[in-house]
Each structure stands twice: as C-alpha cells, then as structure tokens.
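The structure appears below as structure tokens.
Per-chain residue numbering starts at 1, and chain names A, B, C and D are given in the order in which the chains are listed.
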Amino acid sequence: MSGDLMAIRDDFPILQREVNGRSLIYFDNAATTQKPKVVIDAMTDYYQSMNANVHRAVHTLAGESTEAYESCRENLRKWFSAEKVIFTSGTTEAINLAAHAWGKHNLNKGDVVLLTEMEHHSDIVPWQMLSREIGVELRYVPVAEDHTLDMELLRASMEGVKLVCFVHTSNVLGARNPVEEIVSISKKHGAKVLIDAAQAVPHSRIDFTSMNIDFLACSAHKMCGPTGIGCLLVSPGTFLEMEPFMGGGDMIETVTLEGSTYQKNEHKFEAGTPKIAEAVGWDAAINWLSKIDLQFEHERLLDMARHTANRLRAIPGMTVFGQHTDGDSAVVSFIHDKVHPEDMARLLDARGIALRTGHHCAQPLMEKLGVNGTLRASFYLYNTQEEVETMLSTIESIVERFS
Amino acid sequence: MSGDLMAIRDDFPILQREVNGRSLIYFDNAATTQKPKVVIDAMTDYYQSMNANVHRAVHTLAGESTEAYESCRENLRKWFSAEKVIFTSGTTEAINLAAHAWGKHNLNKGDVVLLTEMEHHSDIVPWQMLSREIGVELRYVPVAEDHTLDMELLRASMEGVKLVCFVHTSNVLGARNPVEEIVSISKKHGAKVLIDAAQAVPHSRIDFTSMNIDFLACSAHKMCGPTGIGCLLVSPGTFLEMEPFMGGGDMIETVTLEGSTYQKNEHKFEAGTPKIAEAVGWDAAINWLSKIDLQFEHERLLDMARHTANRLRAIPGMTVFGQHTDGDSAVVSFIHDKVHPEDMARLLDARGIALRTGHHCAQPLMEKLGVNGTLRASFYLYNTQEEVETMLSTIESIVERFS
Amino acid sequence: MNDTPSLEELVEEFSEIDDAMERLELLMDFADEVDELTLDEWSDDNLVRGCQSQAHIVVENREGLVHTRAAADAKIVQGLMGILSVVMNGKSPAFVLSLTPQFAIDMGILNSLTPSRSNGFRTMFDMIQSEVKEKF
Amino acid sequence: MNDTPSLEELVEEFSEIDDAMERLELLMDFADEVDELTLDEWSDDNLVRGCQSQAHIVVENREGLVHTRAAADAKIVQGLMGILSVVMNGKSPAFVLSLTPQFAIDMGILNSLTPSRSNGFRTMFDMIQSEVKEKF
C-alpha cells in the first residue's frame, strides 16, 4: 500500500471498524461513501460552537452560521464552475425540483422527455409523475447488447424532444455515457439537458458551465459528505424560467394574505430552515477532495474494477456486467447462476466484506439485463488492492463451496 | 442555579462559547435550539462506526443503519403517539408534503382552506401555491386586538372549509391557540385539520392520536435535534388518501418503463437516500428530552418570559406583544419606539446576547401588529434567570443611552 | 416429533459457533427442513412482501396444529424458513403466538429485526402469526 | 476634504477599541456623516434589497467625483453608510472601485460579508460600485 493510500485511509475513522471479527472491507461506495474525519469534525464543531438559524438575524452565531452555509455554496460554485447552486436533500430531490420548478411550467402536453433505460429510479419516477400530471410523453433510449446506450436509436428519437435526462455514469454498470455527444445532439435539437451526476461527481471534476447543459443533480453523501444534502446546478438562463417548488420561510421576499413575492436567487428554491450542518460537512468534504488527485485515483480504482471483472469472469457460472472502459467508474455488477446474490452477500458479510445486492434502484435496466438483481462491488479512494484480493478469494471459495 | 439546571447546561457544549468576550447568552431558541452532546455524539458515532445507505442491502453496516434510521421513527411514534411518521427535511417540507400529497388530490376548486393571520410563512405560502394551482380558496382567521385568534370569527368562517391549518403555538407571540376547541369546531364541520407544531413540540409532549387531527408538522432542530430533518404525522385514514409527492428510489415497489407502483408505508413519501445521520441525531434528542421534566421546565421558562415581559413593559417607549398566559411558550416579542430592533440586537450581541430581529417569517402578523419587525427573546431548557437579568439590564442601559 | 430440537437448543447450537460464515452454513442446512412449496404454488397471495429475494410462505391448520410450507430462491432465506418450520410445525397455535422473533438475533444469524427490504425475516414471522390468528 | 480620515486611519481607530459595544457606538456616530436622503427621496429604485432594515442609497457624479447620499432607519446601518461616505465621497471613481469591503471586518464591526438578509453591508457596497461603473 502506498504512503498516500495509507494517509487517505487514516482519514476515515470507520475503517477501524470490525465486522464479524474481520476488518471492514467496504465495497458499497456507489450507495454511499464513508466520511473523512475532517467532515465529521466540521459538523461537530458547527454544533458545538456556532449553531444558529441562518439568514434572518444579526447576532454573531447567526452571522457565522450564515457565512458557513453560504460558503459551502460558494465552494460548490467553484468546484463545479456553476453559477446557480440550489441546495436540495440529494439527487432525488434535485431531479424532482427540476421536474416541478421547471418541467411543469415549461413543458406542455405532448412534449417529449427523453430518458434512457439505464436510469436510476430517481431519474424515472419524477418524470412518470410529471407525465401523468401534464401529459408529457416519455421516451426511453434503449441499452444495447454491449450494455451501452444505443446512440443510433438516441439520434433517431429526438423528434419532439424538449428535455433530455440521462445518467452521466451508471450506478450498475459503471458506464460513463458519451455525455458530450448526447449534449451536442440534444442542443442541436433545441432540447434542454439534465444530467444525473450522482455517480460521476465522486470520481471526477465536473465543469458544469463548459458542459453546456441546463441541470445537473448530485448528492453529498456519495462524495464524502453527509447525508441529507445535495444540489441542483442550473444554468443562468434556465434558472430564470423556474417557478418556486416548495413554499415557506426563507424563499419569500414578502408575504401578504393576498399573495407572496419570491427571492430572486437560489433561496427561492430553498424553503424552510436549510440543511445547515450538512452544508458545513459538505464544504469540508469538498475541501478534503480538493487535496486528492482524483484523476490518478480514478485510474487506480478503474484498474481494480477491471481486475475484479476479469477474475470474476474466470469463475464458472459467473456473469459480469459492464465494460470498464476508460472513463467508466469503478463499479462491478455480477451474478452467479448457482449462488443467489443475497446468499453471496451474506456470506461475504460474514467475512466483513460489504457489497450491495438487489436492483440498485434500476429495475428497467435489470429487466434489460435479464436479472432480478445483481451483486455490486463499488470501489472508492480508501480501498486497497489487498481488500480486492480478499474479496475475490472469498467469492471464489464461496462459489466452490456453495454451488 | 439549581443542580438540575447546571446538569442540563453541562450537556450543551456550545454554552462554553464566548461571544465578544462574554459568555454566550442564547435567546434565539424559537429559531433553533442548541444540541446536547449526546445528540452530536450520536451522529459522530454513526459516521465513525456504521455509516451505510439504508434499506436495500444485507451487509452489516446497512443493517445497522437501517435499524438506527427506523428506530428513530419508532421512537417518534411512541413520543407523539402516532402511527404514521413521515420523515421530511423539516416543518416547511412537511406542510408542503401535506399540500401536494393530500391537498392537491383531495381538494377541489372552490373548497376552502382556513388559515390564520398568525401563521408562519411555511403555513401560508404552500397553500397560496396550491390555491393558484387548483383554485382552492384561502380564508384567514383574524388576530384580535388582544393578540389571540378571534374565535367568534373562526366559528363564523367554517362554511365550505375542507381543511383547517393553524399554528399550535405562535413563534412571535408565544400564544398557544385553543387547539382543542379549533379541532372540535373543524371536525364538527367535517374539515380535516393540520397543525403546525414547530414551536409546540420543544415545550410539551404532544399526543397526536388523542388530538384527533389529520396532520401535524414539526422540525427536529427546534427540539434539540439536528438540522435537515423533521416529520409529518398523519392519521391512518388520511394517510390512505395521500398520493406520492416526490418520486425516486426507496419510495417505489416496482418500476417499469410504463409506470411504477409505490410502497404502502411511510417510505412512499420518502424518495431518495434518507436523512440517516439526522434521524440518528433526532433519536438521541428524543431520548435526551425524555429525561427532562418538560412540564416543570415549561413553567419555569414561562415564568421567565412573564418576568421579562413585565420588566420590558416598565421601560418607557417599549411595546411588548403576547399575553404569556398558561400554556403559552416562553417567547417575548418587543419593540422600542426609539431604538431600532436591529440596533438593539447588535448592541446586545456586543454583550454576547443573541436575540432575533425581523418579521420572524410572519409578515401578515407583523402587519396586524403594525410593525415591520420585532425583537424576540425565546427561552429554552438551558437558560437561567441570571441570563435573563443580564439581558434585561443590558436592554435598560441601551435604551437609556441610545434613545 | 420428539426428536425435533427445541428453540432453546437451536439458539444454543447456533450461538456456540464463533465463525459467522459457519453459522450461515448451518442456517443454509436448515433450508432442507422446509416443507417446500412447489414453484407453481408460488403466488402473490403467499409472497413475503418487501423481501429482496423471492420468498413465499403458507400456514396450514393441520388438525389444530400449525404447519408451515414455504420456499425461497435465496438459500439463507429458506434456511430462516427452515428454522421457523422446525420451531413451529406441529405446535399449538398458542405456542406459535407466544414466540417473538428475537431468537434470530440470539442465534447470531441476524443483526436487525427491523422489517426492511433487506430483512424479510420479521415480515415472514409476522405473516405466520397473523395467519395463525386467522386460521385457528 | 483634507481633514477626512483615510480608510487606514478609520480601521485603526475602530480596531483599537476592545469593547464591541463601544465600537458600535462609534459606528453609530458615523451616522451623522451621511449626506442624508430625505424620507420622500426613499424609493424602490434606491432601496438596498435584502436588508432587514429600511436602507436607501444613491450615488451621484459630482464633477467626476463620487458622492453618495443615503439613509437607513437603523442607526448602525446608517453608521455603516457613514463610513462609506467618509471613505468614498469626493474620491475618484477609480479609487472607489479599488476598494474591497474587507475593511468592515478589519474594523471589527462586522463578522461576515456574506450578503444575506441580516447583512446589507455587502449589498450596499456592491450597489455603490456598480452605480459608479454605470454613472462615470
């Protein structure tokens, strides 16, 4: 293990944890990542030394809290090169916000929203609900035999499309979609673009402005930040087309019994007491991530994923999904024809190894892959080659023994 | 200071904090309360030892996290005697959830939603938005001369009312409304009832089931819990009338390209990765509160509020709002005719004393009171008589000096 | 029926095993104890809802005594059903209703009883008890 | 104009005061330095948006030099305006545009520059600079 990796691991208190008598091997990073100590400490410190409600008060704690909360936004603006950063409770709420605040007011019956078969439920269900409400048509770009998006069919599906929503990087396959190409096709047809970047942001720097898209959704908890917070990035032009989603304190300018006027900035979409401690934690996570060579780590982790995929493919009865080509994220989904994923996951857990099983909130993709669910190992910054070897040999012996 | 009070104070790390060279005197509790160490520690411990995404995995950390998350719900069920506890990001989202998930699907054009002039913006704006969307009529019960709800006019306003939404305890006046009477009038007219209990839950045990209402909204951060979480309590019958609000992971049963089916329990309304650490913190807050004699503390704090109101009223040029009758919460709003609230608040802050100024997200009430804003001192469990005396003598000397 | 181990004996047998994987192996052995539903008996009616794996369970009243039949695609889940079968089959409704699911924790085979999509045990257990209440 | 203190002198004067309340008192004294807008000059156009208190500010081009006129209902806010008046009035646009709002922190009269509903200083400051850009 390199010194850098040891230093990274030292930052994560949970790695000291034992599960069933073994050191925890945490390979469920696509579900949520662990948190470095600086992130936990930042929140503790917030609660111990400056907790107060933000925005509407002049006392010192309120000033400091407001500063801390807004400095996370400032940090995210820089990190993502984005002008408008609306805080939400996560990717899911961010996409729902886009559907309600923009979709409902700017799309009409018959307009097409283009999705893909590779989407997470969070990028399907909000649009199905919008479709039922205002009659937009949903169209899905199929996943091809090789588990990538069928770009020919995408190109052929653009008629009437007003909004294209797709996942930057699949949480099941690890596949990074041809983002630039899809954006350019969409823009050529005058469609807006929303990108679900939940799985992309932990692994690479995203430059929102230069992507030339309209919305980007992500969650803090998948990039070393706390639960309960995420954001929707919005292009300045599209921002002006959005109507309020939820109503309440902090999002208004004035309220009378007859009606209300709203804030003009991001607060317009952040009703109620915001996620203050969460913003403080996310801010610290961004600062921590900014010291990591993400490009280097991305390649290291992708190599681990390729190695894992190869070794698994060598096991009789094993099917491995995904291509693990350059740019893909370090996620390996697999299934054995004799050992049920749930049994495999429980047996691995008996050795302290955490993998996820199930449909990974991507049932349409599961259907396409012809399975009910998969096992999924997803790697992150603190994972080591040794941990991977332990998992692989444990899987090999489980298959040998129980199939 | 009694031993009990000293023990309570010892539980709150932030009370060690100095502001402008003085010990912090925190009287902004109606905006948000401080957090006992056990709450902060519970979240730290969660992140350091069991952080994982909940519900859909069989590994140990996921099991423990799920257990921790759901045990908060179980705890809230008991604490509030409620069967259905839907997690939200706070009171504001809870009311928006009620408006979207129930109001939009069960109210029709012309149906009346009855509100009061005493409402927080969070219980006004969502209904104004619903009104614009589906044409329900909003009607407001006026606040009378004595700063209580005009019950005669309330009685006279029930025609066509399908939903009555009101604040249990005002965040500006501290007034506890005649909840039982309003509920009984509403039920007699066949109207559903939603109660904004943001300010009530920190000060008293609420028994949801015996209140015979349909919705109750509250926030964790006002009752020693973390930011970013709150809940909507729903009666079992009304729960069945609710349609999903946000779509995404965790709230579905099955997703196909053609449509989706939803969970049947509270998860139906909790799309996306939930507020896991926040639930852990709230759980700890409830456990901490359960050891406090809330009835005793309520009376102690209300006495402090009365004392404050009396002393302030003795200052020439001072107007004090609210009655501070039994059952009211320990909130004192006031304004001086010569010293601007913002100046007063900044001068108090120079002595380490934190009060809030402004409209307190209740502009219609401000209008009724004939002011742009007030200063507000709100007391909580860790506040002492000595702190109150310090504030009062500081206010007296500020008025003397600057008016 | 005499040679079926008691719940206490089962708890002891499991809890004596230190190694978590060995406990799961033993649990999987209990999959064979299930009076198995055939595939064509699997239906929405007897589905254990909220399970990640496919799991089905029915309760029969056999001359006043409880008899469960079940099946699951995951072997560990069927093993849990096997434990329930051994403990409950041929017993009186009163006995079955007196049980709590806590024993799965004591055995060291589950660390949570919260019903959730990853933990159908509690759901199975509750299903059996409510069917017993209905059918007896 | 010669006897107006420089920004550095002001920062020093304030930062030498240990007691926060005394600093605020001194700040309130600066309220008198404002070339005050009369009440009927208060308009939506010159409103400092997002302030908690009522605050208004206009920038005039007086023979190529900056002149601000302002008013606020809160005395501390008008004091902040007074500081800005002393520092900026009669100065060249280039000088005014070269300033940053950091001095309010250095003076110890604000602990945050984040524009928010409780902190109109940053907004006032930005308003002046953008009006200077417009009008000169």
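Descriptive notes on the structure:
The criterion applied here is as follows: contacts are C-beta pairs under 8 Å (C-beta built on N, C-alpha and C of every residue); 3 or more make two chains touch, one makes a residue touch a chain.
Given the structure is predicted, the values throughout are model-derived calculations rather than measurements.
Steps from subunit A to subunit C, taking the shortest chain of touch contacts, total 1. Most remote chain with respect to subunit B, judged by CA-atom centres, is C. Over half of the residue-numbered contact pairs of A-C are shared by just one pair in B-C, A-D or B-D, which is B-D. Centre-to-centre, using mean CA coordinates, subunit A is 44 Å away from subunit D. Separation between the centroids of subunit A and subunit B, computed from CA atoms only, is 31 Å.
The geometric centre of subunit B is 37 Å away from that of subunit D, both derived from CA atoms. With touch defined as above, residues shared between interfaces to two or more other chains in subunit C number as follows: 52, 117-118.
Multi-chain contact residues of subunit B, defined as those touching 2 or more other chains: 20, 56-58, 60, 62, 342, 346, 349, 357-358. Taken chain by chain, the contacts fit none of the simple shapes, being neither an open path, a ring, a star, nor a full set of pairwise contacts. Touching pairs of chains, sorted by label, consist of A-B, A-C, A-D, B-C, B-D.
For subunit B in complex with subunit D, the residues that touch the partner chain are 20-21, 340-343, 346-347, 349-351, 357-358, 372-373, 402. Chain contact summary for the complex, subunit B toward subunit C: residues 54-58, 60, 62-64, 66-67, 70-71.
The part of subunit C that touches subunit A in the complex is made up of residues 18-21, 23-24, 28, 52-54, 73-77, 117-118. For subunit B in complex with subunit A, the residues that touch the partner chain are 13-14, 17, 19-20, 24, 26, 28, 31-32, 34-35, 39-40, 43-44, 47-53, 56-62, 89-93, 95-96, 117, 120-122, 124-129, 138, 140, 219, 221, 226-229, 244, 246-252, 254-257, 259-260, 271-278, 342, 345-346, 348-349, 352-358, 360-361, 363-364, 367. Put simply, subunit C touches subunit B in their complex at residues 52, 110-112, 114, 116-119.
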